[in-house]
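Multiple structures follow.
The same subunit A turns up in both complexes below, where it pairs with subunit B and then with subunit C.
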Partner chain A sequence: MMKLRAVRFGFSALALAALVFVLPATAADKIDPVADAKAFKKFFYDKFPKLKPEDFVNGPYSMDEGLHRQWVEKEQFPPYEFAVEAGKEMFTKPFKNGKTYEDCFPNKGIGIRQNYPYFDEKQGKVVTLELALNQCREGNGEAPYSYVRDEMASLTAYMAFTSRGKPFDIKIPNDPRALAAYEQGKEYFYTRRGQLNFSCATCHVQSPGERVRTEVLAPALGIMNAMPIYRSEWSGMGTTSRRFVTCNSQVRGVPFNPQDDEYRNVEYYLSYVANGLPISGPGARP
Partner chain B sequence: MKAKLVLLALLSAGPAFAASEADYKAAYAAAEAANKEAGQLRNQWTTTASTLAAAKKAADAGDFDKATEAAKEAEALAKASIFQATSEKTLWRDMEIR
Partner chain C sequence: MASTIRVRATNNGDITEVQALIQHPMDSGFVKDSKGEIIPAHFIQQLTFEYDGKPVFLADWGGGVSKDPYVKFAFKGGKKGDELKVSWVDNKGATDSTTAKIG
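On to the complex of A and B.
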């Protein structure tokens, strides 16, 4: 009898040990964007308890009072103003076939920035605003714009400007491909790359508010809300694509082509975890 | 005696140890193959590319010592990028906010 009990106990202990080993792996493998977004926001709110949630969309300018004063002054004569005006003109100018960008977007493209990127079930991939603009051009017989040049920055600047204050509202449909794209975006964000062995998170999770040379690093939370941005360092406007490509080069990694899967997916992830925070683009950065 | 000294001087001067064009080509091919593998893992480094370019430039100038050395360095960089890509397949989760 005693022997049987001992065997049963042995089995129970073994089963418990197996569960202990199995459970954490299952939890880690489960894709739960809602829990991710909650944890992501909590991390930053705890790290910067003096900031209001909407402050995060101003990137480095929310990190201290001196920088905040710089932002207030910059907003009086914003350096991205020319891009917004150029974008507005381009947006309404008809293509050769007589149609305009307005014909490609819901609500004629006004006040919709907060819904991009989205997962397009027909195409089976994440569609960013930049990609949607070029798909619109190509669908109307026009050549696509470069993803890193001024034309694309101007168009997205205008569309962001008409959406200011609207909270990010990124949806992940009940489609395993959408969840996979989200998860791949997350993996990309945390993966170290380049000879400097940096991930996106090294700068924007571990070190926001710290300086890299003269630059103050922005928090990852709200980093997409301000896109596109005028960067004083570039003396011009930059698209989201340009920002990703530059980040990769800065850590000595060979960048991908703009709008490759990795970049669209990481934009999807970063935008989703900022759901609820207002669009502030176009932004200005040092 | 004099002849022996000349032979010794010739041997110790090092031409026997200098890299040949064939050495360079072998080192360059190995580096290129490793960098291609890093590309398949979507994780090439800019420094690998620039070191490969430096190797080619030295070879074009006929300096196969320098070219071979650079090619070997490029191979080491490419192998490090492969290691990084492989290990990060699981390590990225350590950084994740939960």
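On to the complex of A and C.
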């Protein structure tokens, strides 16, 4: 009798615990990245039931059949190949002090793209791969690269290339500042701006697969996995920074400076909700 | 300096299919830079693919071809393991060439 009661008690305690767990997750005012990521993925999986999760990392090429055929052909001879090669050369070439980028990164910088951006508790801010590369340069007495130009794109292209297929593994440490950065990134993503009054989500959550003029919009899910990208429109490579800046000017807003808090935080948010999806960068986009 | 040319040639029986990507600015000479100065014309004028000592594909290009051009074509003949030679000359007299094994 006693035993049965204990079991029953245990069961109801568990049910209660589950209830307690579920309730705050539905409350809108609480920051819950795990629930966010789940809901974010579910939205896209429901919107595009035919796609496999890993298809999302190929952006518009998964949304449109004609584009997909073009892409398959393009990938046999990808336009970012030169950038990957240049990046590889730069990556191992010593700085004036004899050190290389390899000395700045875990595992010599190979296969680590999926861990960026991360929250650096010492600096108290989100560190993206681009920021880490420039911090590495400055730490070794070199002038930092422009965040939107070719050198930075080549370096990140090479690092992404060595990490292909590895699932995004973005962590939010138990630090209120990290959670705040995540929340700010999320807020940025859903805030309308510019003369056109668009938020990031207007295009990339509401309308992926639709056209804006000739372009097919990419889904927000997996959009970071393909960075950096070769864009035919740019006839060149572009970094994540470049993409954010041009997105902002396209909605006729005033862009921030590359790697400002707002951009690093939104990259943190977007990468986090894509956790588990494989790195596909460097990508080619129309 | 690494080669500016990437080639892949595959033979499937009678036909050899060739794809090439060439790294070149292909400046038309009509574009201005951010300071308002003309970027001088700099483009590939002739592109040649040679197989067995004979040209199988010749292209006379100008400034209208886009940056980092991509070429795809097929020719009759060609054998697996044979070599295909690719070369280009631009309007400044610069040149590059490479050979690829047909696979």
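What we mean here is this: the second predicted complex is superposed on the first by the 260 of 286 C-alpha atoms of A that agree within 3 Å, B and C clash if a C-alpha of one lies under 4 Å from a C-alpha of the other, contacts with A are read in each partner's own complex, and residues count from 1 in each chain.
Criterion: a residue touches a chain if its C-beta (ideal position, glycine included) is under 8 Å from a C-beta of that chain, and two chains touch if they have at least 3 such contacts.
Worth saying up front: this structure is predicted, and the values here are computed from it rather than measured.
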**Prompt:** With both structures placed on chain A, which of the two partners, subunit B or subunit C, ends up touching more residues of subunit A?
**Reply:** B
**Message:** Taking the superposition on A as described, I'd like to know which of subunit B and subunit C A:A143 touches: first, second, both or neither.
**Reply:** neither
**Request:** Would you sort A:G194 into first (subunit B), second (subunit C), both or neither based on which partner it touches?
**Result:** first
**Touching partner for A:A39 - first (subunit B), second (subunit C), both, neither** = first
**Request:** Return first, second, both or neither, reflecting whether A:V72 touches subunit B, subunit C, both chains, or no partner chain.
**Result:** neither
**Request:** Check the residue A:E81 against both partner chains and state whether it touches subunit B (first), subunit C (second), both, or neither.
**Result:** second
**Fill in**
Within their complex, subunit A touches subunit C through residues 76-77, 79, 81-82, 85, 89, 235-236
**Prompt:** Along subunit C, where are the residues that touch subunit A in the complex?
**Reply:** 2, 6, 8, 19, 21, 23, 66-68, 70
**Prompt:** Can you list the residues on subunit A that touch subunit B in the complex?
**Reply:** 28, 36, 39-40, 43, 186-187, 190-195, 197, 199, 201-202, 205-206, 249, 252-254, 256, 262
**Message:** For the complex, give me every residue of subunit B touching subunit A.
**Reply:** 39, 42-47, 49, 77, 80-81, 84-85, 88, 91-93, 95-98
